[in-house]
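Order as written gives the chain letters A, B, C and D; numbering starts at 1 within each chain.
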Amino acid sequence: MGTLEGVSLMKGSSELVKGKSYTASELMAITTAKEFKDWEVAFVGIGIPLVAGILAKRFHAPNLSIVYESGCIGPEKYRVDFNVGDSSAADEALCLTSEWHVFGDLQAGYYDIGVLGGAQIDRFGNLNTTAIYGEGDYKRPKVRLPGSGGGNDIGSSVGRVVIMMRLEKHRFVPRVDFLTTPGFLDGTPGARERAGLLGGGPVAVVTSKCVFRFHPETREMYLDTIYPGVEVDEIRQSVGWDLLVANELKVAEDPGEAELAALRAADPANLIMGGAAARQKLSGLDEFLELTLKYAGK
Amino acid sequence: MTENNHGNKRMTLREAVSAYIKDGASITFGGFIGRDCVAAVHEIIRQGIKDLTVIDDSKTDIMDLLVGAGCVRRWEGAYLGYGAIGLANNVRRAVEQGIPATLEVEDWSNAGISMRFLAGGLNLPFMATRSMLGTDIIKYNERIKVVDDPYGGSQVALVPAARPEVAVIHVQRADVLGNAQVWGFTGNDENKARAARHTIITCEEIVPTEQIRRQGNMTLIPFYCVDAVVQVPYGCYPQSCYGFYSYDVMFCGDYHEMSKTREGFLKWLDEYVHGCRDHNEYCAKVGWERLQALSHLEKQFNRI
Amino acid sequence: MTENNHGNKRMTLREAVSAYIKDGASITFGGFIGRDCVAAVHEIIRQGIKDLTVIDDSKTDIMDLLVGAGCVRRWEGAYLGYGAIGLANNVRRAVEQGIPATLEVEDWSNAGISMRFLAGGLNLPFMATRSMLGTDIIKYNERIKVVDDPYGGSQVALVPAARPEVAVIHVQRADVLGNAQVWGFTGNDENKARAARHTIITCEEIVPTEQIRRQGNMTLIPFYCVDAVVQVPYGCYPQSCYGFYSYDVMFCGDYHEMSKTREGFLKWLDEYVHGCRDHNEYCAKVGWERLQALSHLEKQFNRI
Amino acid sequence: MGTLEGVSLMKGSSELVKGKSYTASELMAITTAKEFKDWEVAFVGIGIPLVAGILAKRFHAPNLSIVYESGCIGPEKYRVDFNVGDSSAADEALCLTSEWHVFGDLQAGYYDIGVLGGAQIDRFGNLNTTAIYGEGDYKRPKVRLPGSGGGNDIGSSVGRVVIMMRLEKHRFVPRVDFLTTPGFLDGTPGARERAGLLGGGPVAVVTSKCVFRFHPETREMYLDTIYPGVEVDEIRQSVGWDLLVANELKVAEDPGEAELAALRAADPANLIMGGAAARQKLSGLDEFLELTLKYAGK
């Protein structure tokens, strides 16, 4: 479905998790929301990461400031954005400035957390958003992806990175075809510093079935938290290397009703979270505009 | 670098595109999806301009149109896609299947390309950046040079100045001299206008110079960078223009649906671009009521 | 780089200066003679802070005060003077006679030092510039490095990033979070605030955050660069503050007259700085009616 | 007199030229005004150069835009400025921006003409505003001058430079002690280009007695125009080298009454042009404010 592909960092889906009252996308958003701390400045893209940020602001991080690479700093979020340059990204912002200034501030260490996605990830958290080679190479890839955008910059310089990716074996690979965004590079001690990178690198990979974190010394991704009803073996089989598992594996809680309600309210036409079905349910632009105004209380 | 700094620079969109955008030119566009130069891109397609090199940050929607219409030979930029899941349909067909022609791609990050425009605007040969280090972007892009810091810090990447022949930038207000005022985010527009040899400003409203003088702090681009000023209300539609109208998520969805096939795209192109003599006809086809509804929504949130 | 990003950053001027400006610190000031940080400079003198390194563009008036009061050890900057005819009196005495102490000087051009702040703000090690080439500025300033353009153009000069420990910037409006809005010229203030480890904002008015949000384009310095926010009406007097009050040419003339001798300067310092507990007492001494007259003049020309 | 020293690129003086109804400063301002062309963008400092720019706008160059290094582009000039960062420098400006952007635009070639002064100049138009060595050197000079300010930048990059200097032998020297602002450097062909400089260099030196220009090939300063009543020998003796004189030496005309009146009106308290005497004639701040408002028609 066009619109959804056009707006989401990841494809959303309306399909409920088996035996649950929420979708995998919703659980991912709510899990990611917990990664934001109050008073932080967050470099967040469009789609589910943004909804996660809005959710964090509604609950435990009311003073979270969201920054968009187009040049919008700290808007009030009354409406969802479909692009980082939508006029909505500027709604009542604390500061409206330039793209290059926002990237400069990222590089200067002013931003605490960023959220990224990718088509491929390796065990050291390196991301590929440029090309899937298949039988080809960089010049003639099987699938040409969008490119870095601001992803490389966030991965290079933000305080810590949270990655959101659907857990699928062709995504969790031993080695990414094209290293677009640095995680811990080859995983050797000081690899990021040697390359000249300033940011802290990835701290979590929030997937559709579990959360991975990174070992503080080996920098290798390990299974930290599984979602209710998911088996560890299922996760092992979705990862293209021999996965490490935390000694004390955590199990995520089901999201609360209040969180689910807030999440759904923040995306009133369900265009971000709802997957292919949502847009077809809308009668047209007018209904979308009405839902938007109603949620904003205007 | 403008060659025309004498007085009234007002033109029609047709005149401005024809005067400054030639086959084979390098070009950049203002905005960041929001404030996209949709009207100018439609006119470029109508005039059948070919072999453009587009140097830009993230420009999915208008690049998809330009590439599908066969206007672009090369892309130097950071992002062409909708989220991390894939390219826009025409871009995908061009890169993967050479339809309607192969698109040459040079990869940059958004910060990296931003520094290229800053260098170009300052008329410097290069800028340093701490992005792209350690990655395959640098491996495949020979114009990024990793150098030691002569002041003893860690290594940095150098990127060369971007100096496109033309910049097209849509703003909220301008006067006929070319003083261009922008509300909302400003992207890389101040530097693009300065870096380009020629700059075309399209705007929602041409206002008297006296009104520009009342809010000089809002002038992002001074007249001396500008060659042509064109009034094109709703010039970004279906993208948003802060303070004027919101994004039309449904129209864009329909476009994306149509453009899934080459035939669908060509039909769309015939209807909305070739089938419209100018931007006013396009607006009429979209429907003035629809545009008014988006203006109404925007003004509930942002007013200029 | 601010270590305090949690909520209300409002302080008194005394608290802010004492918390962030230490003996031996490097410091820069916002404004460009207009929007000078006069109130903060008086407080630095009252607190007897010593051995400052001032890194700045053109800062004649407040540097003359700081140097005369014995607060400064070193100047890295472009301009200290009134026209091409000579230095300010205290600066002259310090450089030529070591009174009250010798001032170490490192010469830059205004564009050169501007690039140092831009590099600092972007957290880059250096910037290139096409200024200062071929001159004795480069001969005597070892930190300027002339290099070949790796992209094949003509040679350029590199200047290292400026990273002062403190920036003090006076603005028209700020909120308690530190979002600072500036009308009129902006100098190098956006980059100074970003380059400095700590930034103190002094302002004419502290306003509610909701008012900041109504004109986000006017926020030159976002909260996350700021450590302290101090409300100091008439904080630039006798210099001007766009939209608030004009320059007092007569008061400045009197100062210049008094400061021709060391004794005259010390008398002036006793009366207007040491003799005033805070900026309000200084304003009272100057006379509120005089300040009102300058506000009245300014508002005939510029209003916010 | 303090104020005047504080505001002028050069000291003004109220002393009339012998047998004339104008001062040398006034003639210099009027002569400089003629160097500006209509529709140009001029990088002009404070003091007499600014008054020259205002005068040009009133007469032959109404569309001249004046730029200040503080970040003010194209203000309407209703009042004189005493600093480049005075609020008056921003009055109804076309664009209010940053210092670094203005210097960037200078470097990018957007500015046509700049006006500079200096304490010393040599035959190739190189300027010194940094230090007079005397028996000392750069570190311990006899006189420490203000430094470059924006002077070096203008001399490096603006389209063409007009220099204003009082004609005195200790100023027109064979070799400047410290080369702050590049003219034609050592005068060899292509010297500026080899150094990496982009601007065109100096085109005229407007002095209190004459105007010098530069030979297009040798780049050496020559006497082009003398003011009424001045002898060539007097000028030769005020220059520290063997001065070249144009084959067809021009004589400047006396300024017209309208120009003199406009000049005086633009500096209503006479603080820029009037020299030491002017400020003492003012009764106080109120009179200055009244004069300012009256001239602006407010």
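Keep in mind that, in the parts below, contacts are C-beta pairs under 8 Å (C-beta built on N, C-alpha and C of every residue); 3 or more make two chains touch, one makes a residue touch a chain.
The UniProt protein names, listed by chain, are B, C = 3-oxoadipate CoA-transferase subunit A.
Please read these numbers as outputs of a predicted model, since none were measured by experiment.
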Shared touching partners of subunit A and subunit C are B
Any idea whether B-D or C-D has more C-beta pairs in contact?
C-D
At what distance in angstrom does the C-alpha mean of subunit C lie from that of subunit B?
38
When the centre of a chain is set as the mean of its C-alpha atoms, what distance in Å lies between subunit A and subunit D?
58
Give, as an integer number of Å, the spacing between the C-alpha centres of subunit D and subunit B.
41
Averaging only over C-alpha atoms, locate the centres of subunit C and subunit D and give their separation in whole Å.
26
Where does subunit B touch two or more other chains at once, residue-wise?
123-124, 129-130, 156, 183-184, 190, 217
Multi-chain contact sites of subunit D, meaning residues that touch two or more partners:
72, 90, 92, 96-97, 107, 198
Once the touch criterion is applied, which pairs of chains come out as touching?
A-B, A-C, B-C, B-D, C-D
Subunit D partner, complex, touching residues on subunit C are 31-36, 57-58, 60, 77-87, 91-92, 95-96, 105, 107-112, 114-115, 117-118, 129-137, 140, 146, 154-157, 183-191, 239-243, 245-257, 260, 290, 293-294, 296-298, 300-302
Subunit C-facing residues of subunit B, complex:
123-130, 143, 145, 147, 149-151, 153, 156, 158, 160-161, 182-184, 217-218
Footprint of subunit C on subunit A - complex, ascending
39, 41, 63, 65, 72-74, 76, 90, 92-97, 101, 104-105, 107-110, 198
Looking at the complex, which residues from subunit C come into contact with subunit A?
1, 5-7, 121-124, 177, 179, 190, 194, 209, 212-214, 216-217, 219, 222-225
Touch list for subunit A against partner subunit B, complex
1-3, 5-11, 46-47, 68-72, 78-79, 82-92, 96-100, 103, 106-107, 117-119, 129-130, 138, 142-153, 156-157, 178-182, 185, 191-193, 195-198, 269, 271, 279, 282, 284-286, 288-289, 292-293, 296, 298
